[in-house]
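Please find the structures below.
Okay, so chain A shows up in both of these, paired with chain B first and chain C after.
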Partner chain A sequence: MTPVFQRLLPFLVVAAVLVIWEAAAVSGLWSKLLFPSLGSIAYEFGVFLITPERLHEAWVSLYRALGGFALAAVVGILVGMLMGRSKLVAGLLDPLFSGTYAVPKLALFPIFIFVFGIGSLSKVALVFLECLYPIVIMSYHGARGVNRVLLWSAQNMGASRGETLRRVVIPATAPFIFAGFRVAAPVAMIVVVITEMVSSADGLGYLVTYSLSSLRTDRMLAVVVVIALIGYLLDKAVVLARDRLIYWEKLDTYYV
Partner chain B sequence: MGVARAGFFLSLVLLWQLLWSRGLPAYVLSPLEIGRHFGEALGSAELYEHAWASLGRSLPGFAIGTFFGALLGLAAGMARWFDRLFSPVVFVTYPVPKIVMLPIFMLWFGIGDLSKVLIIALACFYPVFINAYYGVKATPAILVWSALNMGARRGTILRRVVLPSAAPMIFAGMRVSLALSFIVMFAAEMINARSGLGHLIRVAENSLRFDLMYVSLLAVGLLGYAGDRLVRFAQRRLLAWQEHAA
Partner chain C sequence: MKAVLLVLSFLVCANALAQAGPLIRFGRGFAAEEQVWLMSARPDLTPNQGKHYQLKQILFQANPERFQAFLAGELDAGTAPGLAVIFAHAQGVDMKIVASVCLEAAGKQWFSTTYMVKDDGPVKRVQDLKGGTIGVVGIKTATDLWARAGLINAGLVPDKDTKVVPMAFPAIGDAVRTGKVSAGTFVEPFYSTEVAKGGLRKLFTATEAVGYDHELLDIFFGEKFLKAHPEAVRAFLADYVAVTKYYLANTAQAKADLHKAGFVRTPLDTYLKNADWKRDPNARVDVESLKKLSTFMLEKLQWLEKPVKVESMVDQSYLPR
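And then the complex of A and B:
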């Protein structure tokens, strides 16, 4: 296999899927509702990009996802690092986090609606809660695993607690924090879309259910493409930030 | 430590109970009341029916997704042509929220259980695939070389070297998948279902039955917790040879 051909291989899979889709759309075996043609989806996608109202829906979703994510990042790093550096805090909070890890926090959403209202706040709160777990767990994992020899050397050379934290603990934990971010970013988008599909009057998730109930599958698929694109770009943004900030360690986050 | 921990949780619950008796909004129930309602619900058939319906969606989805995730992940980790062909597609679509496919799946496979099982399987596929893939990649090459040197065939190497080395990672992926299967199951049921815990919580919400809301919340929490313990237990039993099976 030539290198060029190797690079093209994955596109072959995508192209095959698209061709099969288009064939299913053109064949007339199924209703247009089930397989709208690629052309009509592309058209709706184009309409999406130039219609301010639709772009506003995307902005609403993005702002909920990013808001919850940012809050979770601030609180999660703090809690995770505290847990990693203090046996007492870890002993108290670790059972709480590992015990409720597998519990779908989404189940709290109906209660959140009553507490925070049906607007953005309940959604941001749920995004915060779901994103908190991976970030806390990864920062805890990282802060706990700081090489002891490094800590001892820093103390030996007379570093104060603050200096040790800034120069040793934080750099050693940072790759793990980003690993947590990388898990949390898609989660943020998932939660926003779900909550908007369940109960909302705006946002991309709402647009999906609305397009479906008005039997515009092509429009719905165009929105799905937008959601997928945002999810992908968020992940790319996290990776880009990580590679810029953590120049001293090349860490594959899927691997931690 | 154990005493401090128990004291911490006990005082949290006590604080909740105390705050409640001082007057909290109607949608916050006290721990005692939640316990009482849950006990009552355990005595009736309704909760079991909904829990059963939920498990009937999440477990098959989890099983299908995990099976194909492990299978294709192992294949991509070992066969280079398949890696080149398939892995980029998986990694690019990984950060995309799979739940948005639910409406399309509902159109294709009907609004019954099939579309829900498949969407759960799709969501569960990714973590297991990625973990199996990296588990294989992380197999020390020297082990494979030694096995080759001693005349092991491909099948033997897969069974005796690669699989044991990738197994802990696959289990880690399964834990993530299990949590994910409950999230997606719950979401799918909240969006569209006539049974299941997600449906129950929506019914409770619409009729302002806060007791029922907490009951279904507690039930789904317990199921998630029990499933997680089960995966961890299986991991400890199956990977007993591994020193730090977390």
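And then the complex of A and C:
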């Protein structure tokens, strides 16, 4: 496989999907209200980008997602590291996190509304809860799996517990923490959009519902494209931060 | 001999199927459509069913899903709020309103969707909703329209002065009581249940907000189906009108039958006491009210991008004369 082809490959897959979509849209087999053409979606996407009110809705969703994600990152790293380095804390919290990981927290949203209200707080709180799990579990496993040789070496060199944590445990756990971030970032967007679809007067989820109620599938799909783009950019931001902060741990995979 | 028997049995089956009439795949909702449900709960009231048409009712929780199923070719007909059909017509969906189900109407004998607030809360009149939140059942639904109409009448700007948020009907009572929303939308049976609990007060009704009696729910058919099976539609609507008249004359019995058949989950005692929406015994559509609604949607709410020709989306010629 030539390097040029290798670079083009992801775009070819996207292009193939778009061609299939357009072929389905113009085939006449389905109503255009269900399967709008790429042209009409692109037009609505363009309108979205030049309409300040719609951009504001994107910002509303983004700050809710980032707010919940940031809280989950702070609490998740702390809890995960504590669980990884303390048998007592792990014994206390592991059953809780393992036992409730599979619970769809979205089902708790009505309760969150009653506790935190209909505004942003209930959505941020639910994003926090959904993002907390992958970050805690990845941080926990990262902190627990620190190479013993490194720990012994640090102790032999006279490092205090704080120094060992700062110079050995945290750097060794960082790749796992970022793996948790990569799982949690798209989850944050998904949860925000769904909660806004359920009960909100603003945000991208609200726009999705609003467009669907008017049978404007093209407008709704334009919003979906915006959501996908934000998700993509969030992931790229996490990868960028990861590559900058843990430069010694570049992802290097050898394909056979 | 075997071949003759085979051909004969095929002809008998084909004849039986032809006599049963075409299948109407009908998308229904979960409120205010009693006479439609009764057609399936009490088929003995529908002499044409099984002869000139077959009926399969499919439950939908919301209008967009019902219309998506219709667009996907999975439905031939259904119930829908007048304003939802206006939206669909504006997007070029080939459907027609053929009959009325019920109306929002003024008068003590009818129920009209009611917006309520906490009895001891700060909202004494609609103007007091400034800075508050009003709970509706869905964005761009009839409940949303009435809420916005009520706010506009009071000189408030929806979304700017007062937020309009969607929430499920069962949650609205507690949301108002706990102050999570300043006002909420109440339909039966939630209205009667919450009034019985006490502590809530009427702020305005849907009819007061809009200012005139108007269509709430209608029956629509796809134009393709109407053209392909006009006699089946006429037979269906003849039965529908007969069932509507039966329902109006024997409401308690009809409600008990619906409850027994599982169409209604509200306790029977509560259900029997609920006030009912106005229903035209001949299922005639109030076209003028739909025109007014579409003008309001276009001019006051900016929900439509261009005017809709309401006359062209209603066809009452299939109703019994």
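By our rule, the second predicted complex is superposed on the first by the 230 of 256 C-alpha atoms of A that agree within 3 Å, B and C clash if a C-alpha of one lies under 4 Å from a C-alpha of the other, contacts with A are read in each partner's own complex, and residues count from 1 in each chain.
We adopt the following convention: contacts are C-beta pairs under 8 Å (C-beta built on N, C-alpha and C of every residue); 3 or more make two chains touch, one makes a residue touch a chain.
Quick caveat: nothing in here was measured; it's all calculated off a predicted structure.
K.L.:
Once the shared chain is lined up, is A:L82 touching chain B (first), chain C (second), both, or neither of them?
P.N.:
The answer is neither, since A:L82 touches no partner chain.
K.L.:
For A:I111, select first, second, both or neither according to whether it touches chain B, chain C, the two together, or no partner.
P.N.:
A:I111: touches chain B, not chain C.
K.L.:
Quick one: classify A:V193 as touching chain B (first), chain C (second), both or neither.
P.N.:
first
K.L.:
On chain A, which partner's contacts cover more residues, chain B's or chain C's?
P.N.:
The larger set of chain A residues in touch belongs to B.
K.L.:
Which partner does A:A185 reach: the first (chain B), the second (chain C), both, or neither?
P.N.:
In the superposition, A:A185 contacts chain B only.
K.L.:
Tell me the contact category for A:L34 with respect to chain B and chain C: first, second, both or neither.
P.N.:
both
K.L.:
Does chain B (first) or chain C (second) touch A:T209, or do both, or does neither?
P.N.:
both
K.L.:
With the two complexes superposed on chain A, say which partner A:L150 touches: chain B (first), chain C (second), both, or neither.
P.N.:
neither
K.L.:
Of the residues on chain A, which ones does chain B touch that chain C also touches?
P.N.:
33-34, 110, 113-114, 198, 209, 212
K.L.:
Write out the stretch or stretches of chain A touching chain C in their complex.
P.N.:
Touch list, chain A to chain C: 30-31, 33-34, 110, 113-114, 117-118, 198-201, 206, 209-210, 212-216.
K.L.:
Any idea which chain B residues touch chain A in the complex?
P.N.:
Chain B reaches chain A through residues 1, 4-5, 8-9, 25, 27, 81, 84-89, 92-104, 107-108, 130-131, 134, 138, 175, 178-179, 182-183, 185-187, 190-191, 197-198, 201-202, 204-205, 213-214, 216-217, 220-221, 224-225, 227-228.
K.L.:
Help me check something: in the complex, which residues belonging to chain A touch chain B?
P.N.:
Residue positions touching the partner: 1, 6, 9-10, 12-14, 33-34, 88, 91-92, 95-96, 99-111, 113-115, 185-186, 189-190, 193-194, 197-198, 205, 208-209, 212, 217, 220-221, 223-224, 227-228, 231-232, 234-235, 252, 254-255.
K.L.:
Spell out the residues on chain C that touch chain A in their complex, using ranges where they run on.
P.N.:
63-64, 67-68, 71-72, 87-88, 90-93, 133, 135, 138-141, 159, 163-168, 171, 174-175, 178, 180-181, 303
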